[in-house]
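Two complexes are shown next, each including chain A; its partner changes from chain B in the first to chain C in the second.
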Partner chain A sequence: MADLVSSRHLRRSLPWLLIVIAALVLPVLLPPFRLNLLGRFLSLGIVALGIDLIWGFTGLLSLGQGIFFALGGYALGMHLQLSALAPGELPEFFGLYGVKALPAFWQPFTSPLFTLLCIWVLPALVAGVLGYLVFRNRIKGVYFSILTQAALLVFFNFFNGQQKLINGTNGLKTDTARLFGELVGSDSMQRNLFWLTVLLVVGAYLLSRWLTRGRFGDALIAIRDDEPRLRFTGYNTTVYKTLVFAVAGAMAGVSGALYTVQSGIVSPQYMAVPFSIEMVIWVAVGGRGTLIGAVLGAVLINYAKSLVSEALPETWLFIQGGLFLLVVTALPDGLVGWWRRGGPGRLASMLGWPPRTATYPQLDLDPAVQAERSELEGGMK
Partner chain B sequence: MSHSTAVAPLLQLRGVSVSFDGFWALKDLDLALLPGELRAVIGPNGAGKTTFLDVITGKVRPTRGDVLFRGRSLVGIPEHRIARLGIGRKFQTPRVIENLTVGHNLDLAVKGSHGPLTLLFGRLSAQQRQRVQELLAVVGLERHVAQQAGSLSHGQKQWLEIAMLLAQDPELLLVDEPVAGLSDEETELTGKLLRSLAGDHTVLVIEHDMDFIRELQAPVTVLHEGHVLCEGSMDVVQNDPRVIEVYLGTETEGEFQS
Partner chain C sequence: MDLLYDTLFNGLAIGSVLVLAALGLAVVFGLMGVINMAHGELMMLGAYTTFVVQNLFKEGPLEALFPVYILIAIPVAFVVSGLAGLLLEKTVIRRLYGRPLETLLATWGVSLILQQFVRSVSSAFAIGLVVAVVLGLFLPRFTPADLWQRRWSPLLGVGTWVVSALVGIVLASALGGVRALDQPWFSARNIDVTAPQWLRGAVDLGALNMPTARLFIIALTALALGGVLWFLQKSVWGMRIRAVTQNRSMSDCLGIPTETVDALTFLVGSGLAGVAGVAVTLLGSVGPNLGGNYIVDCFMVVVLGGVGKLVGTVVAALGIGVLSYIVGSGSLLLVWPAMPPAINELVTFFATTSMAKVLVFALIVVFLQFRPAGLFPQKGRLVEA
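And now, the complex of A and B:
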């Protein structure tokens, strides 16, 4: 029995443990280029956590998280463009389009404090307003998904067209900017940003866990499973959905800002349609409604993507598509869900190894007993 | 109950009509429920029974007419506010949150603030927790408190939903087919439970099961094609020639179900 308990404990905490160890050891082991990649992918874990909140728990499949991701990136990108300038100077690109004065909305971004707030407050506000309008009108399911994608396209085209305001398609570079007197693109700065990313991923995870445990999280699950029921119980579900969508927007903003400074650029490509769909795939592969799965999915898929792309650039899209198909057909709960529901044991028995049993094998293998046990386990979740 | 005098109806529908693209699901429906009353509503399929509940609970807006609760119009008020005014609804098929435990289902439903801040920062009061325990006992689900609601039997789900309804502590309970799919024993217990609720609460039961309705010993309202055909005790209603004409043709069906 003690064995069972400890193994369940281990199964629950293993993915989490792996991330912590990796975060501690990798800066020493990895060359700066690889560490930088890992930092970028970890920052993507934050936007994935937000998607898990709204999709995995609340049932809102947003295909437009790129909007909020890019907004966070642009907020920080603008600040970095301004931070190294002497008074009266303009960011270089403005010269290309004959812009003589800094546009008014750039002004507040000279303030680091304003920028730090803007990175998450602005996307949260945009998500909140957009969400409120959509949810108030009871738009849900696939219509919600299409609407978010349409909104994404609107933002994408708008940002692409604004050369004179934000350098349009070219985006804003951050590598040559300075932060605390140090070049943003330098190895030591990138290592610090890696640590910051790890910290914020942990923070975002803890926030998500706090939100999804307890009655608030139960209400989100109830909205996902049977929203009218909850409404007739006296819940204003619009408020809940708006709130959680805004939180996911804020997370996307933070994620976008971290990704921007570790990639060296923010551009409208962050609002490209495929990228926002990929975000959803990370969560699906990692495991919906598992939180840790969202982070794992984002990191693993992106790492696989960069490794495959280095070796066989043409094949990645096929592999990604295949992964998605595999998850949809064989692993509906994603990797983490599969792991938690005893997937490894089932796989072993499929390969001919007998599963380890707690009592008599015959009794343990009895389908009725197994069904009852999985019900009980489900109940204790 | 303290809000209403003995004579003023708790719920009153006045000339309520509902049109779905030209099809009149309810036609000029008049109905009044007195506080503490137990009322059964019957009617053949398509008589408008579910639309009738939808109109009261705010899911469907009446095309014409008015719905008054404690003298106040409910038309145009969103569902969650109507629920908070004290109207609880049990659905035809048991609607419980299958991925939550029995206890957590009740924790969500129990009376109190249902705002996000309360749910995030507040805890259930001792009173609320006690209420949940009481209700678990009432519906006999104490042993299943930590079990996922989705793994309950059909009858247990029906009862969990009734318990959730009671947890809201509504003044008016709208109960849609509470005994569909229940065993005889469960049906009898459900009948007892509903009868015991009347008096303190006002209860409106929609059912197909004639034996169950008779057991309730409650006044019966017969709906037909969206309006009230007649009202009275079960015996009176059963001998009404209009009811025999439109309804009893399908009563054999009702008996098959029971």
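And now, the complex of A and C:
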């Protein structure tokens, strides 16, 4: 009994315990700046989870997740701009462009409740509509990728060009706004946001895991592997794809909102084309179709990026480009996938440690058998 | 009437740049199905080649030829970009045929590397790079052959490249101490190409004022288009390319060297990107980010036109050009001054270059809802069309 508890239950609960400990200890250990960075990167893990759902499991490579990311960020950013004001006042930047009245679509964002809903419902809706239109016409593969990228460019140009509506290329600052009576940029607020981020990452992970196990998850994987066959067996694949795309959109929105409050600004740069492709590479490096790999990839790559950019800014693009090439050609399953598929074992056996075999280890190590094998292999070449 | 000509000419001018930029992509993506996100960077290489050629002709023995340097830059840019594309095909894309999404990501990585390469290349950097590559290629030759028979030999292969990369980096940073070698060739700033005198003027046709540079680009586009059509339809290798596009395994059986055909197709497509790069330098200063401004547009052109159809690419690019100009210049206001205030407001709202792009792209996305295969779809009965 004691064995059971110690082995199985402990192994199951150990990761969670580690997360709790890390969440409690890190804010004490790390200086506020590093903690803030970690919080930001963790919040990017949520958008990566969404990409893992649609790309890793469903095979839809979206290059436009930045749309939903930024929409979530803008929703919160607009609310924070408004919350700092006395009634009748306008956010400062409107004065620069001679706007006298608050544009109509800003009005509802005075309500915190509406904003909280909007952060994830709005991106999910946009993703749902865009996805439905695209999937209904059976646009897929690279055409889907290119279309999402075009959509991203549309949103980017729109947000970038509209000074009078949303401050255009300057974006919205959030640091000086107040949330629950406290400055958003303050250290204690940022610590609370870090905890919130950890909670939401765990929540998003659990949601993704729940979605990918069971029938829905099976359907997603079937769409990835052979969509026509699934359709011919009577499944309406459009519904599944739209649904999972909307979920990924909602995750991107939440992620964007968390990222915005932790970095202090939301700007059209969140919709820049390179940023959305970067998101994909986090998932690819971590391991697509592994969920945990997506979060790990997002945190690792961004951490590496901030380290490299601090030390040698010119080299980051080389490293990033190299990562794209490496992960596609040499490590298609990503780090976590490599680990799960016995990568460390293969590496160890290359370095001379005996490979672990399931059956008849003596047979594998028998010199006669080995000689015969190499002969056979040589003959085949 | 003048307005009509004006719109047509400007639309044609915008569209012809798009045609030229998308033409290479139409060959690579349309015929081979390869998603080359580095296409824009191959254009950038063409633009930088023009810059280098211009500097060669600015002074020294070749100064007399300066007025025609742009004509010399065109084939040079074709060769430079084509060779870069060939290298890309041989090293990366070849491994990824049939995996379009992976190709997309890998070529995006290449595009990042090329961008940064142009920014930070200096003599020291170039020497280090060349040494590293030569070392990586030849180091295996000088290691005992039996080392390559071991179980860990794959690691040895990786190791040689790591070692040669390190040697290259150390060498580059050591040489970087020398002032003359550390000077970046182009740096991150934009470069300006001075057009020769005869391209700086304008042809004045009464109401219509046509800049010569624009006319030159239109002529260049027509020439490139004619060249590609002739190559694909009339030449032997063009026929082979079309055969491989239609049925790869059958062509292989009939003795067509499909790998050579792939490489050649890619070379031609990349070279066309280089030519487009030459044209782009005439429109204004260019920088390392040049590619990013064109790549999505190019893909939209190819997809809108119908993948695999050159006619579609041309029609789509010219259509987008004219539409962008009409929307962006707000010339509807001139045609119809008495329009209702609501529409007037709408037209003014979209009457900037970036907002015109928003509208045009949104229209394309809507259009693809009705014609998912583009303007000129390829006929077929496959499920996976």
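In the analysis below, the second predicted complex is superposed on the first by the 331 of 381 C-alpha atoms of A that agree within 3 Å, B and C clash if a C-alpha of one lies under 4 Å from a C-alpha of the other, contacts with A are read in each partner's own complex, and residues count from 1 in each chain.
Keep this in mind: contacts are C-beta pairs under 8 Å (C-beta built on N, C-alpha and C of every residue); 3 or more make two chains touch, one makes a residue touch a chain.
What you see is a predicted model; the values in this text were computed from it and never measured.
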Chain B versus chain C as contact partner of A:V336, first or second or both or neither
neither
Name the contact category of A:L351: first (chain B only), second (chain C only), both, or neither.
second
By the touch definition at the top of the document, which applies to A:R215: first (chain B), second (chain C), both, or neither?
first
Larger contact residue set on chain A - chain B or chain C
C
Examine A:L243 and indicate which partner it touches, taking first as chain B and second as chain C; both and neither are also allowed.
first
Regarding the shared-chain residue A:L122, is it in contact with chain B (first), chain C (second), both, or neither?
neither
In the overlaid three-chain picture, which partner chain does A:P228 touch, first (chain B) or second (chain C), both, or neither?
both
Chain A contact set shared between chain B and chain C covers 228
In their shared complex, chain A is touched by residues of chain B numbered 57, 59, 78-81, 83-84, 88-89, 91, 95-101, 104, 107-109, 114-116, 119-120, 124, 146-148, 150-151, 164, 168
The chain A residues in contact with chain C across the complex are 61, 133, 136-139, 141-143, 145-147, 149-151, 153-154, 157-158, 160-161, 228, 273-274, 277, 280-281, 284, 314-315, 317-318, 320-325, 327-329, 332, 349-352
Inside the complex, what are the residues of chain C that reach chain A?
35, 92, 95-96, 100-102, 104-106, 108-113, 115-117, 119-120, 151-152, 154-155, 292, 296, 299-300, 303, 352, 354-355, 357-358, 361-362, 364-365, 368-369, 372, 383-384
Where on chain A is chain B touching in the complex?
211, 214-216, 218-219, 221-222, 225-226, 228-237, 239-240, 243, 375-376, 378-381
